Amino acid sequence: MPVADYARVVWAIIAKDAMVEWRTKTAFLSAMVFAILVLSILFFARDPTAVSSLDVAPGALWVTFTFAAMVGLNRAFLLERENGAMDGMLLTPIPRTAIFVGKMGGNLLFVALVEAISIPLFILFYNVSLAGRLPQLILVTAMATVAFVAVGTLLSAMVVRTRFAELMLPVLLLPFLIPPVVSAVQVTARILAGRPLSEMMPWLKLLAGFDIVFCVLTVLLFEATLDE
Amino acid sequence: MNEPLLAAQDVSRRFGYRQIFSNVTLTLEPGEVLALVGPNGAGKTTLLRVLAGLLKPTTGSVRRNGTIGLVAHHSMGYDALTARENLAFAARLWGVSETGRIDLLLDRLGLSKWGEMRTAAFSRGMIQRLAIARALVHDPGILLLDEPLNNLDEPGAEVVLQVIDELAERGRAIVVVTHQFERIAAIATSVGYLVGGSLEGPEPIDGRAAEVVSHKYRSLLAGG
Amino acid sequence: MTRRERALGTARTGQVVTAISLLALAGVFVRALAFTPVDRLQGPAQKILYIHAPVAFTSLMAFAVCGVLSLIYLAMRDRRLDRAAAASAEVGVAFSVAMLITGPIWGKPVWGTWWTWDARLTSTLFIFLLFVGYLIMRDAVIDPDQRARFSAVIGIMGLVLVPFIHLTVYLFRTLHPNPTLLKPSAPSMPGVMLVTLLSSIGVFLLLYAGFVTQRYAVAALQELREEEMLRDS
Amino acid sequence: MPVADYARVVWAIIAKDAMVEWRTKTAFLSAMVFAILVLSILFFARDPTAVSSLDVAPGALWVTFTFAAMVGLNRAFLLERENGAMDGMLLTPIPRTAIFVGKMGGNLLFVALVEAISIPLFILFYNVSLAGRLPQLILVTAMATVAFVAVGTLLSAMVVRTRFAELMLPVLLLPFLIPPVVSAVQVTARILAGRPLSEMMPWLKLLAGFDIVFCVLTVLLFEATLDE
Amino acid sequence: MNEPLLAAQDVSRRFGYRQIFSNVTLTLEPGEVLALVGPNGAGKTTLLRVLAGLLKPTTGSVRRNGTIGLVAHHSMGYDALTARENLAFAARLWGVSETGRIDLLLDRLGLSKWGEMRTAAFSRGMIQRLAIARALVHDPGILLLDEPLNNLDEPGAEVVLQVIDELAERGRAIVVVTHQFERIAAIATSVGYLVGGSLEGPEPIDGRAAEVVSHKYRSLLAGG
């Protein structure tokens, strides 16, 4: 299949997901509510005399992102299950990987949107100043997000077919979140503290490695989850 | 043109440890309309999914020489999208240029005035009509219909029968699963009985009436 | 020989291997308790080492075996590979439980705490959880082929994940002893202790083999019985 | 309807939910793995040089509970929607409130299970010592859980029935979740720090008031969400 | 006994700003079997749901003198439960003592050998059979059937027709929505045409053949 056609199909899937989400807005609003809730729980949970809000900020940010992503991932494949819509895609001659990449693109869009809204809220709540370091924060966010959306998309494709298994997505996904989330937290903490790039490098390398390995692996393994 | 559009060779399928059917062999020639009958739970839907390529056969093989259009028990649509958007999405995946074709299909299936409505608010019959339109969007070489007349009113059923006739005339092959024997003689050129895990037939039915099919089916049921 | 007889034969082999290794285990315990010196710093608590380390090593190895078998399964699609991978994962989880019980029992007297978020502890915990998830997933899928494929996918992903988890948590490193055995320089442990430890590891590997063989045979027999029921109905 | 019959019906609904959950045969195991993973993500999502694990403990506990509740609530009503099963209940002569109480009971059971497993793990992992203060922790957990399960059950019931409410659920839910969760976090932090009861009283009063008002209100309002 | 089992008075229903039907008035006497016909999207399902009490009418009122049994487009069951468990749950909610009745119903609807299987693995026809069993679990006073013959094979359809007859004989009232005119004469004692947002009839049909109903229906369609 020529690259242009491949891209067109991937885009069709992303656009469809975006349209469905736009019509219902449920997942997005739930994710936002969850984000606000987590940000405030962690804000109020600390003893203000002992811990400054800045110290818990990186953790709060990443816990928020992680769980918001979970809400989105779960929904993305439920959508395909509802009326057996996945069958409609599988009948067409498009490559299986295009379906995966399309669904992953939709999920990325979703999580990115939640993140884009959470970051300002986070800056507001936790009163952090990011002068000039916002690009760095965006970079690390993007890197970590790609990592867990790739794995999450693959796992939710399987979990959704085991029926009544909403709990299983977190159970399977969370171990895979440890490396990207921990790295991201570490990098974020250093960014907020204004440390030099060199101090973040080991973590960034880890993240980059994780991204590359798992993006390739998940695309390859997706087909194995399909052929019945 | 003498190459069959679809050929299933010694196909069998299990779910877990339950054998649903075995040694099913059938070919579909251009212009053939095969009626597939059998009791509830016999495996008709499963066989159709195997023919469509959505399920791998446990043993045996299926060769397809054309694109598949499938009307299944479920609609394969998205509730949050309108009828038109659902068709447009299918068309894009099939690489079909959209507009003219979609208007035509909506019109043909009596959905023109519902085109801009989200299918979440559709009645069952409207959903069924949309599922049929969806299966036709790319003018499939092989059309597989799983009880397509379900929920359709008289004019709707009429349209489906016409569509089948037209496609057959244009050299497509069609498989129809149905429980309505009285329709079979009018639709089909051959009939296959899926009873007790194996396929009897397909055999031609031209000219034979519903009673013949029904009688043979009953005797198979009693025998199995 | 019918498949049933072969499966029964496998089961019997497993039983024999298990019996032998249990006997050997008793021997190792006697040696550990009676003929191996008490550690000068840690006192008698250190005796747990002879269970803890072998059990930990074996369980990690079991998970690795599961991952490799999963990979081969996806390539060859032979149901036996899936059965073996599952058996290995199950035994690995059981051994992990033993590790996670003996570790804290040891940790309390030595470190003064049941649990600490040190790199090695944490990464083993996550790997353990991953394979618990693997078993949960197996339970939730009814169709055997689908189950095999899904499990294989998770097994492979797990195999790839392990080094990443290791790298990650290493930056939180704290208390747990670094490898004394598998390291570039020579093992740093008194000879008597080392021999006891090594023989214990050998015995647990044998035990692992016995368990997996039996579990594999049971799965094969289950499959056979269900097929027979199918034929009868 | 006599009380005995009422109780029987409520029990039938709870038993059915539990059975559906049990069919995965793994609800308990999943809940456990889930709790461990969430607790440890939060543990690692902090900068170890700046924040001690004890300081993030209350937040970790309540994020775990909130997330578990969200998963449980979502699932409980999706179940009723899947094949229109709710209609089957509404046709019967059982009082509407019994349906509500039954669903709420099922949700409470689920969340309580996760909590019962999380608390010991939490004590173990975060190395907190609760000597004698465990009953206090259980009390506040129970109070906050009842509050947000009641509100959550009502709102998720609305989501199932009316398409419009789908939009409103998360938005409505947020303001109702903040008071109980924030109160619970505050009380938990004080319990862990070994503060006297008097310091927690204002929060506990708030929680108790919230519980009473919203349990009554949600039961009364449930019927209004049903008749279309 | 002369009190009607169900009486709808000037009932109308809107969804948003769309009026689906208005001024529907009908009564169901004991022993009456009303066939409700109308094109796809006419509002038959909506009317049935209003009669069942699942939807409030926008205006008008419905009085019911009996319990409702409903076979709808959806199965109202739980996929994770077995057929037997699904029926047992319904029985408990209705306060019916379970065992004997459930075995009877499973047997009657040909589900005995599937009783212990989770309904997630059911074929469409098996699901439909279960939905019918579920509607009968409490021996309802008023039975509302929304295209009950969907997906059923011949013997299954036969059972449904027998059940309707028996219930009617025992003084229950039944409403059947169907698109299969050729069945109507055999099943129903009266027919109502829901066309263009209003109900024509119900009027008795005893002795009249399918053609008569079909003819009247077509003329109404053409007129609306």
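Letters are used for the chains, namely A, B, C, D and E, taken in the order the chains are written, and counting of residues starts over at 1 for each.
In this text, contacts are C-beta pairs under 8 Å (C-beta built on N, C-alpha and C of every residue); 3 or more make two chains touch, one makes a residue touch a chain.
No experiment lies behind these values; they were computed from the predicted model shown.
Inter-chain contacts peak for the pair A-D, counting C-beta pairs in contact.
Most remote from chain E, judged by the distance between CA-atom centroids, is C.
If you average the Cα atoms of chain A and of chain C, the two centres end up 32 Å apart. The geometric centre of chain A is 47 Å away from that of chain E, both derived from CA atoms. Measuring from the averaged C-alpha position of chain C to that of chain D gives a distance of 36 Å. Between the CA-based centres of chain C and chain E the separation comes to 58 Å, rounded to the whole angstrom. Shown for chain E are the residues that touch two or more other chains, namely 79-80, 121. Taken residue by residue, chain C touches two or more other chains at 126, 129, 132-133, 136, 140, 142-143, 145, 169, whereas all remaining positions touch fewer. Within chain D, the positions touching two or more other chains are listed as 20, 23-24, 30, 33, 37, 40, 44, 79.
Interface residues of chain C facing chain D in the complex, by the touch rule stated above, are 113-117, 122, 125-126, 129, 132-133, 136, 139-140, 169, 172. Across the complex, chain D is touched by residues 24-26, 29-30, 32-34, 36-38, 40-42, 44-47, 50-51, 55-56, 58-59, 62-63, 66-67, 71, 164-168, 170-171, 174-175, 177-178, 181-182, 185-186, 189 of chain A.
Those residues of chain D lying in contact with chain E across their complex are 5, 8-9, 12, 16, 19-20, 23, 79, 82-85, 87-94, 227-228.
Chain E makes touch with chain D in their complex at residues 52-56, 67-70, 72, 74-81, 85, 89-90, 92-95, 118, 134, 138. Listed in rising order, the residues of chain A touching chain C in the complex are 151, 154, 158-159, 161-163, 165, 168, 171-172, 174-176, 178-179, 182-183, 186, 202, 206, 209-210, 213-214, 217-218, 221, 224-225, 227-228.
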